[in-house]
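Can you read through this structure? Questions will come right after.
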Amino acid sequence: MRKHILPILAILLLTALFLSACGAPATPEPTPVPPTKPPPTAVPPTATPKPVEPTAVPEPKGPPDLTGETITIYHFGDLSGPYAAITGPLIHGAEDAVKAINEAGGIYGAQLEVKFSDTGGSVDEAVAAYDRFTSEDDNVLIMIMYGSGEAEALAPRLVEDKIPGLSAGLSSQAFYGKESGYTFGLGPIYPDQIGYTMKYIVDNWTDLKPENAGDEVKLAYLSWPTAFGQGALTDESRAYLADLGVEIVAEETYDVSPAADTTMAILTAQAAGANVIWTNTLAFGPAVILNDLNSLGLRGDFVVAADNWAQDLSLYAFLADPAYGVGLITPFPYLWWTDTDHPGIQYAQRIFEANERPAAEHNVGYLLLVAGVDIAKTAFERAIDTVGYENLTGEAVYQALQELGEYQALGGVFRADYANGSRSPHESQIRMIKGGPDAFTVIQDWSQTPDLRPKN
Amino acid sequence: MNWQLLPQFTISGLLAGGPIALMALGLVLIFKSSYIFNFAQGQLLLLGTLLTWWLAVGLALPLWLAIVIALAASAVLGLLIERLTLRPMTGQPLLSIILMTLALGQFLQGMALLLFGGTQRNFPQMFSAANPYKIVTPFIYNERNIQIILKQNLVWSFVVAILGVVLIAAFFRFTRTGLAMRGASEDHELAQSIGLRINRIFGISWAMAGVVATVGGVLLATSSGLDLNISLLVLTAFPAVLLGGLESIPGVIVGGLIIGLSQGLVSASTVQFIRNSAEIMPYVVLMIVLLIRPEGLFGLKRIERI
Amino acid sequence: MTLLRPAGEFDESYASDMATIRRPWQWVALGLFLAAIYLLPSYASQNTIALVNRIAISVIAVQGLNLLTGYTGQISLGQAAFMTVGGYTSALLMIHMEWSLFVTLPLSALAAGVVGLIFGLPSLRVKGFYLTMSTLAAQFIIPWFTRNAFPDLLNGAQGLNVPVPVLFGVAINSPQRFLYLTITILIITTVVASNAARSRLGRAFVSIRDNDLAAELLGVNLYKYKLQAFFLASVYAGIAGALSAHYLRHINSESFGLADSIILLGMLIVGGLGTNLGPFLGAALVEFLIELATLAGPFLGKIAPSTAAGAVQALRPLFFGAALMLFLIFEPKGLAHRWQLIKAAWRLRPFSH
Amino acid sequence: MGYSSVLLSVENISLTFGRVQALSQVSCDVREGEILAIIGPNGAGKTSLLNCISHFYSPDSGQILFDGHDLTKTHPSHISRLGIARTFQNIALYTGLSTLDNLMAARHIHMKSGLLASLIYWGFAHREDLEHRRVVEEIIDFLEMEAIRKTVVGALPHGLRKRVELGRALALEPRLLLLDEPMTGMNQEEKEDMARFILDIHELRGVTMVLIEHDMGLVMDTADRVVVLDFGQKIAEGAPNEIKQNPEVIKAYLGQEHE
């Protein structure tokens, strides 16, 4: 019970000295104000009002030469936690896309680079990674993130620090919640997705309905107990589903793991009279449900639908039998690798092959990040055109993203919609798995999703 | 209560208790011989299962061979852990030993992630995923007899798990080594004085715990799939161990079944909040046990001396 | 081991013999040290400041755990769960009542303390390993509760975005500003913890740790003091949890998990159980290790690309587990004990012992 | 004899552990101011009897009255507040604390600082600590423990630990002191010191004592009366000289010698 304040002090003092020796001095306030920035709302004077080709360079006075400069894209995601199955390819997609852009001359000569941090799927880790990035670099231009939880948690920080974020986590709170506004989606928000898909199911009920089902569409929402898993059910989407005449008869959760057991959830749904199952998860989520439905002998009793991430090659790593995947319906807000006649897909395929990525990474994450980097690159170019490289800040990139409006990344592989207060796409296809892997068949072509943003 | 689901969930819950009992057995084996509660049992299970996966999928060995090799390797791992990390701790206070197994768990979890990566993977199937067993009960609901549907792997995992527990119990009862281990668990000093090699017995019990863990892990993984979080499933076995009484082998079966049953029963509730409580039921049961009968159902009350 | 004091120093009263800081120069050193910490923002990088914040918050949680585990001998695997209670309470009070941190912080400490009491109740009947299990139950039941109960209030698994505290009209929204807050609170918690340890309360705690049966026969009401230890430990956890939530500006059911509880216990062991210095040394060393893993991860990924995926997340438990195991085998009394030995050797020089 | 008033009276207590009868129908009185020795072979139930007085064990039947309180119905932590202190057969000190703090810890029942006062410390708790420090220092002087005042007791040799434990019991300022084999494991010199302390405490402080001891010479020299237990039963009670000649006692001890 001796007190030793002194030793404490000495050690802490040493610690402090050591720490301060490690870190370079920095100004106490991390966000500098850009010195002489033109009004940010100004449209680039010579920009054509018509849809712009992604590689178009609208410059009268000739592009600036930024050779020797580096522009950094900060990126974090989950390489080691529950979402790792899909995040690995996501990161490789970003790396390879950046490499391709740099080989093609970069952004006016400036080289792009990606700095990645693994968060293990934890929101706290994501926040810590955000803090690390913003303290290393007091002029972060863009962040790419993954995971609804971290997108929601960081939305206010992005606004405060004026850093635009491209998010693959599509919870509506992250984009349209209070204190959000700098987050842009790499897909329609989940309420839009469930609304869009359920509308299709209701419209085509006579064709889709299971043998013993009645005329009423009764939905069981079986999903993960996470921000992502619960992201599709909001006040707006519930109201929209009610208007469609869809009754939600069960809301069950299961573990974020391919080892989860959904038997009890399925049986509860069945007991509640459900005939449609929606799950808002990554591919191993529906895989667990499809496996259990089959081993319970109940596959024929349900239409199974899910969010866009579910219809992916990674699904097959978890299905007990590839045939179990047949019939899965999801929104599909991008093209697929099998659309080989599309130049954007050809471009992605070239990058993929050039880097000798394994076949298992031929998935949605890779493709979407190639598109995402294209969006970032175009936004950088626009921002440099508008404010000049020396004034390039996160805020300038934010303005540029908004001005991109209905931008078609990679010439249409992905259709962004960032104009007029929208920060997520509102167009998608619907696809159904018909047959073996990659038979992701379009059953409804590009069309508008309902707009189920929260009303603030 | 969803009455029509009650028979189904009662049976499913009980069956789910089998693997829980098997995991609990691993903990009891070690505790019985050395009074160490092994918080790293989950990681032992994880490594054994990952190894099986790697041999069967990575090296494309036949599954039975992969399992045999992995079981042998787990036994060695168990021995090594005992020798390298717990033997030096002999005589240390309870906290240090608890911390040692916790630290070991962290270390092994990091190791697993480093060696195998965090991706989820499919595990080779041992039981048919289709053709569930169906039992028609005499209970009538909505003018139909209530049917109980049981996945094949659930039933067979249960059978294998219970068989494993019975085998180990028989080993303790009828073999020389088993008898020696029982003797050692009664009194370490006494056992040593009559010539039992106490260290060897600790080693054997750790090796057995490693084997049991791997069997449990393979059963769980073949039912659904494998990721690093499988190590957390052992946490549901902790309450089963306490419920059964820390040193009782029959206790683990009863404990496992009660834990499984409690999870099944709350799942049949019509209230979602209660249904969701299935994941913490083991710990709710645990708190009740601690408050009412801390020595468990089959455990012994100890007389304190001063 | 007899406590050695520098030659030539004698105490002339019991009061000075019992004092924590006994010489004027020690006061000067303390002042200088505090000045150095408070002035960190003027000379240290933001990363350094963030690290100091993290260490300080961990120290507070470990100080609480030290009262319970180090002094009272009750092993808890639930300290992080009580941080969850503190974090949610402060966040909710600030979101819905718009109260100042001056009010929400004590209330969140109190809320965590009360919840801690509930999970300390089994200490009436069980001890040692069994009690550890009860605290482990807290580590599962509390996060589950935040995920499932009162979804309108607690927002389920999404958790809450936590407001930035505003003190004296200044928004505490940067690591620099947060530093003043955490260090000030840390000073208070340190003083209170050291008071608890040296007073009648602390002696009752240690009696229970060292010999609970004798303590009871010598008049210490075990149950009352065990519960007080649980309460205090949870109060500290509540404060740390609230600070952490406001610092990260987000909290969810997974913010403080079992792994965090294990890390807090590990910090205590590494630092030294039942010492005032231990939490500081342990928290600093373990946070350094975690930082080291964060730096070493990408490096490892470069030399062994097959491990690249998740190297950082793998190295953290690996480093932590390895360090803890080494400490348990080679220095089970922790860094504080080593520091004592060094100090004693210094005072005995040139005669070693 | 001059002892009249009974301080502690044990009435017909029985205690069983499973099938083992540790005490059966034991009765005895301890009179104000005397030293009562309890002797008997190993396993005779001596420590069990002390443990019943401390209410560490609850007897199956019978009662123990101390100054009007039935100890079998008193919470163990309250026994010491009534004025009963004890030492233990296998030393039960707070090994992580110094001698000084062990004694301070024993002042617990005489101190009043609650949770809040302890946390704030300055003011009430500090003054109280100083006050009780004086009492404790007196005991340290009395038992000649100045040199080990700040030594952690875990580091002390056996003989000194026994002394610290005696000091800790004294710090409770008891009316009745229960000493469970205070001299086992000591060498002759230590035994003599301990015997001197025990007699000094008895004479200078007037503390009533119950003493369990194997050293017959010491028992005969110090005790006023002796109670003999064997197999949980009281087989004799009386002055030391009477006990020496009691045939039952001789038989019990002879029996023990054959072990």
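Points to keep in mind about this one:
Just so it is clear, A, B, C and D label the chains in written order, and each chain counts residues from 1 on its own.
One rule holds for everything that comes next: contacts are C-beta pairs under 8 Å (C-beta built on N, C-alpha and C of every residue); 3 or more make two chains touch, one makes a residue touch a chain.
This is a predicted model, so every value here is computed, not measured.
Relative to the whole-protein C-alpha centroid, the nearest chain centroid is that of C. The two chains most heavily joined by C-beta contacts are A-C. Of all chains, the one whose CA centroid is most distant from that of chain D is A. Remark: chain C and chain D have CA centroids separated by 40 Å (rounded to whole angstrom).
As a whole-number value, the distance joining the C-alpha centres of chain A and chain C reads 37 Å. Chain B and chain D have CA centres that are 48 Å apart.
Counting partner chains per residue, chain A shows two or more touched chains at residues 1, 79-81, 84, 88, 120, 225.
Counting only residues that touch two or more partner chains, chain B has 113, 117-119, 276, 279, 306.
Looking at chain D, one finds that residues 56, 88, 92, 97-98, 101 touch two or more other chains. On chain A, the positions that touch chain C within their shared complex are 1-13, 15-16, 19-20, 22-26, 28-30, 79-81, 84, 88, 117-118, 120, 122-125, 127-128, 131-132, 134-136, 148-149, 152-157, 160, 171, 173, 179, 224-227, 229-230. Contact residues on chain C toward chain A in their complex (touch as defined above): 3, 20-21, 26, 29-30, 33, 36-37, 40-48, 50-52, 55, 147-148, 156-159, 161, 173-176, 190, 194, 197-198, 202-203, 206, 248-250, 252, 254-255, 274-277, 280-281, 284, 294, 297, 309-314, 336, 339, 343.
Looking at the complex, you find that chain B touches chain C at residues 37, 85, 88-89, 92, 94-96, 98-100, 102-111, 113-115, 117-119, 235, 238-239, 242, 273, 276-277, 279-280, 283-284, 286-287, 290-291, 294, 304, 306. By the touch criterion given at the top, residues 1-3, 14-15, 18, 192, 195-196, 198-204, 206-207, 209-211, 213-222, 228, 274 of chain C touch chain D in their complex. The part of chain D that touches chain C in the complex is made up of residues 54, 56, 75-81, 85-86, 88, 92-98, 101, 104-109, 111, 113, 115, 117-121, 125-126, 128-130, 133-134, 137, 148, 150-152, 155, 168, 172.
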